[in-house]
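First the structure, in the form of C-alpha cells, and then the observations on it.
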Amino acid sequence: MIPSADAAITRDDKALILAYDHGLEHGPVDFEDVPESTDPETVFDIATHDAVTALAVQKGIAEGYYPSYEDDVELLLKLNGTSNLWMGEPNSAVNCSVDYAAELGAKAIGFTVYGGSNHEIEMVEEFREAQEAAREHDMSVVMWSYPRGQGLKNDTSAGTIAYASRLGLELGADITKVKYPGSAEAMQWACESAAGSKVVMSGGSKTSDRDFLSTVETAMRAGASGLAVGRNVFQRENPTELLDALEAVIFEEKTADEALGLMPSTNNGRATASDD
Amino acid sequence: MIPSADAAITRDDKALILAYDHGLEHGPVDFEDVPESTDPETVFDIATHDAVTALAVQKGIAEGYYPSYEDDVELLLKLNGTSNLWMGEPNSAVNCSVDYAAELGAKAIGFTVYGGSNHEIEMVEEFREAQEAAREHDMSVVMWSYPRGQGLKNDTSAGTIAYASRLGLELGADITKVKYPGSAEAMQWACESAAGSKVVMSGGSKTSDRDFLSTVETAMRAGASGLAVGRNVFQRENPTELLDALEAVIFEEKTADEALGLMPSTNNGRATASDD
Amino acid sequence: MIPSADAAITRDDKALILAYDHGLEHGPVDFEDVPESTDPETVFDIATHDAVTALAVQKGIAEGYYPSYEDDVELLLKLNGTSNLWMGEPNSAVNCSVDYAAELGAKAIGFTVYGGSNHEIEMVEEFREAQEAAREHDMSVVMWSYPRGQGLKNDTSAGTIAYASRLGLELGADITKVKYPGSAEAMQWACESAAGSKVVMSGGSKTSDRDFLSTVETAMRAGASGLAVGRNVFQRENPTELLDALEAVIFEEKTADEALGLMPSTNNGRATASDD
Amino acid sequence: MIPSADAAITRDDKALILAYDHGLEHGPVDFEDVPESTDPETVFDIATHDAVTALAVQKGIAEGYYPSYEDDVELLLKLNGTSNLWMGEPNSAVNCSVDYAAELGAKAIGFTVYGGSNHEIEMVEEFREAQEAAREHDMSVVMWSYPRGQGLKNDTSAGTIAYASRLGLELGADITKVKYPGSAEAMQWACESAAGSKVVMSGGSKTSDRDFLSTVETAMRAGASGLAVGRNVFQRENPTELLDALEAVIFEEKTADEALGLMPSTNNGRATASDD
Amino acid sequence: MIPSADAAITRDDKALILAYDHGLEHGPVDFEDVPESTDPETVFDIATHDAVTALAVQKGIAEGYYPSYEDDVELLLKLNGTSNLWMGEPNSAVNCSVDYAAELGAKAIGFTVYGGSNHEIEMVEEFREAQEAAREHDMSVVMWSYPRGQGLKNDTSAGTIAYASRLGLELGADITKVKYPGSAEAMQWACESAAGSKVVMSGGSKTSDRDFLSTVETAMRAGASGLAVGRNVFQRENPTELLDALEAVIFEEKTADEALGLMPSTNNGRATASDD
C-alpha cells in the first residue's frame, strides 16, 4: 500500500501471480495429470509469458531455477508453507528468511496467514517480522489471507472474505490474495474492505475455461486487482492460450467472451482442478 | 507518567483519542452502517478536527494513509490486536514493532493487555519490550487495559476497573484506557488508582448523544483525562458536531447540556453502537 | 553474596526493605483501609525514614516518582509480578529489564521465584538473566523466594523455608526474602541454609505491634539480616512510629519491649493486615 | 541444487554417504553384533574407502576423531538427532550449530525433517536456519526426509516417498535421503519429484548382498544419485568388499551381478540389518 | 574428547569430582546429618585435598566462596539444576551462563541431560549452546547423563547406562557422569561406548567404606576414568581419610583392600547415604 511498493510485480497496477507452491502444500500428486509440471522449468517457462507479473515459489525452487530466469520472470518468494502430511490446526512453517529471499533476487514476499486459527497470533507475529524486513529491502508484500480453523465453518462467506482482505490492509500487505466469495457483491465488499491496498482472487474450483474467465471478469469488475493462479494454468494442455485470455481480461478490460476468442484450441474448455 | 511523556498526544493534559482499529478487531461488519467509514481517508479526515489529540490505527493503515495527514493528525500506532475470527482465551498479536512505528511517524504506541487472561504473563512481557522501546524513542505509551478471560465474570465492576487503571500505572503506561465502570464513584476510584498517570474512558454502549456526553462529563469530573472513542464518532452522520460537543466537555469543562447546544442537527441523538 | 554487593541497600549489613508492589499483585483493594496509600508519594515519603534501606516498587511507579526522591530513597526495582486477576499455576511476568532498572537509578533488583511451581524452570531461567545483568551493573540481587504451586501444601514449614533461603544462595541472590516459618529454630535453619548470603523476613500475618515486633526480634536473633515489609507499615496510622521501633530492633539490637517504648501512640497495637 | 553446491561430497555427481549416527539414534545396542564398530576409529577407517564420498556423524564424534582423518574423509555433520529412549511424537534435537560444524571442517550438514509430525513446523523452521547458514559457509545441505508421526500409516508408500523427496527440493536441500519405496516406478517418481536436486536411497531392510546390491542398482537406474548407508556396511565382516561392489554399481554403472563378482568372500551374502 | 580439553580437571587423565549441588537439587535436608556441610566453606576446605580434581557447585556458591579458594580448587560450574519441590517430568533450569561461569573462574562446566524425558529435546539443545560456548572458552564439558522420565523403568540397566555414556560422546562431552550399572561387565560396556571420551561413576547407594571402595575399584578396572561423589564424602565424619583411600584406588591403581589400610578410623565403615 506504500505508494509503488508493488510496482515490481504489477503492470498498470494489476497483478497476475503464477503460484507454484503445490509441491510443498499438496505434494507431487498435484502434478500427476500433467507430469511435465513436476519440473520447475516447465513452470518457469510458462511464467515468462507477458501476462505473468510474478511467479510465486518456495526457497528451494528459487535457488535451483531462478538464476536462469531472472531476466524474464519476477520472483515472489513464498516464505511459509506446510505439507499436507500434517493435519493439525492450520499453521505454516516459515521456511525462508526475508534476507535470503532478497539475496535470491525476489521482488516480493508471499506469506500465508490463517485468520481464526489457534495459530493466528503466532502467524501474525511472524508476518510482522517478514513484513518489516521486506520494507527494508523495498520488497512488496503479498498475503495469502485464508481464514481457517477452530470454529470457522464457511470460510468463503462474504463476511469472512471481506474480513480476510481487511486483515491484509490492517496488517500491512500491499496485495492480499483471497478466495472468490461467490458473487460480484461479495467480491466488491472484499475489495472495498481492502481500501487502498490490492486484492487478487485465488484461482477457484473446477470450471470450464468460459466459467473461469467469467469469474475473473466478474472479480475484476468488482474491484479486484488481478489473479493468483496455479493449477488452472500449468495443468492445462495449452497454458499460453489461457494466459493470453487472462491477459485480455485482466489488463485490457476485455470480457470473458472476447477473451475466449483468443483460445482457438479450447472453445469449450474442459473442467480444471481447484486451486488455492 | 514521565513528565511530558504524553505531551504530543494531549492538549492541556487531556486526550481525545480517535480509535480506528475495528477493521482488525471486529472486521468490516463494523463499517456496514456507515459504509464510507470503510475507507480510512474518511476517518483520517475526521481526525483532523482540533478536538482529536491522536488517531489510533494499526500498521497497515498508517503505512497507507498517514503520509498524507502527518501535518494534521498525531499518530498513535496500536501495536497489537487480533481478529475476532479467533475465539480462544484473550490474547493479541504484536503486529508492529516500536522501531517501525517510530519510522512511520507515530508519537505514541497503543498496547492491549488482558489482565486475568491465561496470556497475561506473555502480554505483560511483550508490553515491557514495547514500553521500554517507546521510551527510547520518546514516544508516549497508552495501554488498553481490559481485564478479561479465565474466571473474570463482570469485567466492568468498580474493583476490576480500578485494578485495570492501576496496572497501567504499575507497568509504565502514561495513559490507560479503561471501560466506564458505571458510576462516578467507581470512575473516581479508577482515576485515583492510576495516581499520577492518566486514565481515559473507552467509548461505551449504545446511548443517545445526551447520555453519551453526560457519561463523558461524569468521567471527566471524576478525574478522567479524556476519552478514547471510535464508532461513537465515525459511525455518526455528523461526526464533526459530536467532536465539537466532546471538545467542549473534555477541554472546556462544559456540561453535557451546554455541549449539546453545539449539535444543532441532533438535539435528541439516536442510539449509537457500543465501542471498545 | 559478592562482598559488598548489597552495600547500597543495607546499613551495618542489615536491611529494612519497604515493599510497595501491592497495586500490581493485589490491586487497589489493598489501599482501601488507608486510602492515602493509593498515592505513591505517601509511600515514598515514608521511605525517606532512616530505617528504610530500600524501597521496592515496580517500573511504572519508579518512572513516575523516583526522580523526586533519588536523593533520599534507595530504589529496589521489582522486576517481575502478576495481577491476582489471574489464577493459574504460580508464575510472574518480567515487566522490567535490568538495563532499564539501572537507567531509572535502581541500586538493586527484586525477583520472585516460585520454587515448586510448574513454572519454576522458566522463572529460574529468567532469574539467571536478571541476576547476571544485575552483576554487570553492580546492582544487588534480592530474591522473593516463595515455594508455591503444584503439590506444595504447607509452604511455610521449616523444611520449605530453609529450602527457599538455600535457593537464594545457590542461584546467586545477595538477599533472600522468605516467609517467617513459625519458630526461632526454623528461622535459624533458614538463615544457616543461606550461609554467607542474607535472609530477610517477609512481613507476616495480622498481629499487634507487640507481636509483630517480637517476631522481628526473634527472626533477628535467629540470624535474619532484616525485614521486607509493606502493609504492616504503610497501612498504619503512624508508620513513622513503627519504623522507629523497627529501627531499634533491627539495627540497634533492642528488644521488642524496648522498641515498643518508642511508640507512644500505640501502646497496645491493633491488629494489622497480612503482608507478602 | 545450487550449481556445484554438493561438489565436495559427490563424485561424478553421485554420492555414497556412510552414516554413523546410530550411537545417538539407537544406542550402543546397534554395535553389539560387530563390537569393533563401537569405536569410531573403525568406521572412520572404513570411510577412507574411495567409494565413500562423505561420512555422516554427530558433533561429539567429529570433535574427537575427524582431526585425524581430515585428509582422507569428507565430513557431513548431522546437526540433529534424538535418542530412542524418548518415544513421543517424532522430533529431533538440534545438537550442533552450523558455525561449529564449519569450524570442525564439515563440508556438508545433515538434517532430519519428519514431515507430517506434529513437530513438522518447528523442524522445518530449524531446517531453514541451518540451510541458510550452510549457504553462507558454502556447505552442502542433505535432508533426511522421513515422513513420520500423527496419522501417517505407511510411510514408504510411493506417494509419501515422492512427497519426501519433493520436500527436500522445495525447502532447499541439495541432496535428499529417502527410504526405498519398494519399486523402480515409485523410486523414479521420487527422483523426478526432486527435479534438479539429488535423491539418495537410505539403506534398507535385511537382505542378502545380492538383494541389497540389486536394490541399489534399481534405485540408480530409476534416477537416484546414490546411497546413504550405515549398518549394512559397518556391520559386515568385510565392509571393504561391499564398498567395492557398491562403487561398481553407483559410480561405474555396473549391474548387481557384475558387482557381486568383486566380493569373493561372500558369494551368497547373509542377511544384514536394517538401516535408517 | 578434544585432546587435553579436560586437562584442567584431571590428573593423569583421571578425575575425582567433588559434587556439592545438593542444596539446590535436594534442599538443606541433605545436610542434616552433618550440619557443618551446610556451610560451603566446609566443602571447599575438603576440596583442597589433592585427590579432588574439581569441585562442582552452582553459580551462587561459586560467587560467594570460590574467590577465597581459586588457588587451591578447580571450579566446575554446574550450569543447570532443579529443586525437588517440583515434581514434573524431569527437566532442569539453566541457571548460569557459560560466559558468567568463565568470569567466575570455572575450568569446566557441568550439565545434566535427562535422556528419555519429554524434555530431552529441549535439554539437548540447551546443552548444545553450553557445549559450544565452553569450547570457545577452552573449558571442559562434563555431562550428568541420567536417562529418566516417560516410560523408563530401570534406569541403571546395562543398556541404559551404556546409552547414557554414548550420549555424552555423541553430543560432545569430554567426561560423562553415569550411575553405576551394577556389574563390571555393564560398566565396561558403558566405558567402551564412550570410546575416546571419559566416563566417571556417580557415587552410589548406601554401602560401607569397603563396599564403596570396592565398587570404585571395579569401575576403574572396567575402564572408568574416575568418580563424581558428594555425600559419600562430605557426610562422613572424616572425609580426608576417605579421599586418601579414593586417591589410592583412582590414581594409584591400588585395590580397595589396600586403600582401606589408609583409613585407620573406619576399618569397617558404616553405611553412607546415596548420591546422585
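When the chains are written out, they are named A, B, C, D and E in that same order, and each has its own residue count from 1.
Simple rule for what comes next: contacts are C-beta pairs under 8 Å (C-beta built on N, C-alpha and C of every residue); 3 or more make two chains touch, one makes a residue touch a chain.
Nothing here was measured: the structure is a model prediction, and the numbers come from that model.
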item: Touch-network distance, subunit C to subunit D, counted in steps; value: 2
item: Copies subunit D and subunit A - interface residue numbers shared by over half, same or different; value: different
item: Distance between chain centroids, defined by C-alpha means - subunit C, subunit E (Å); value: 36
item: Where subunit B and subunit D are represented by their mean Cα positions, the distance between them in whole Å; value: 59
item: Multi-chain contact sites of subunit D, meaning residues that touch two or more partners; value: none
item: Chain contact graph, described as a line, ring, star, complete graph or other shape; value: ring
item: Going round from subunit A, first to subunit D: chain order; value: A, D, E, C, B
item: Touching residues (chain side subunit E, partner subunit D) in the complex; value: 1-3, 115-118, 120-122, 124-125, 127-128, 131-132, 135, 147, 150-152, 159-160, 162-163, 166-173, 189, 192-193, 195-197
item: In the complex, subunit A residues that touch subunit D; value: 21, 23-24, 27-29, 31, 35, 38-41, 58-61, 63-65, 67, 81-83, 85-88, 91-97, 100
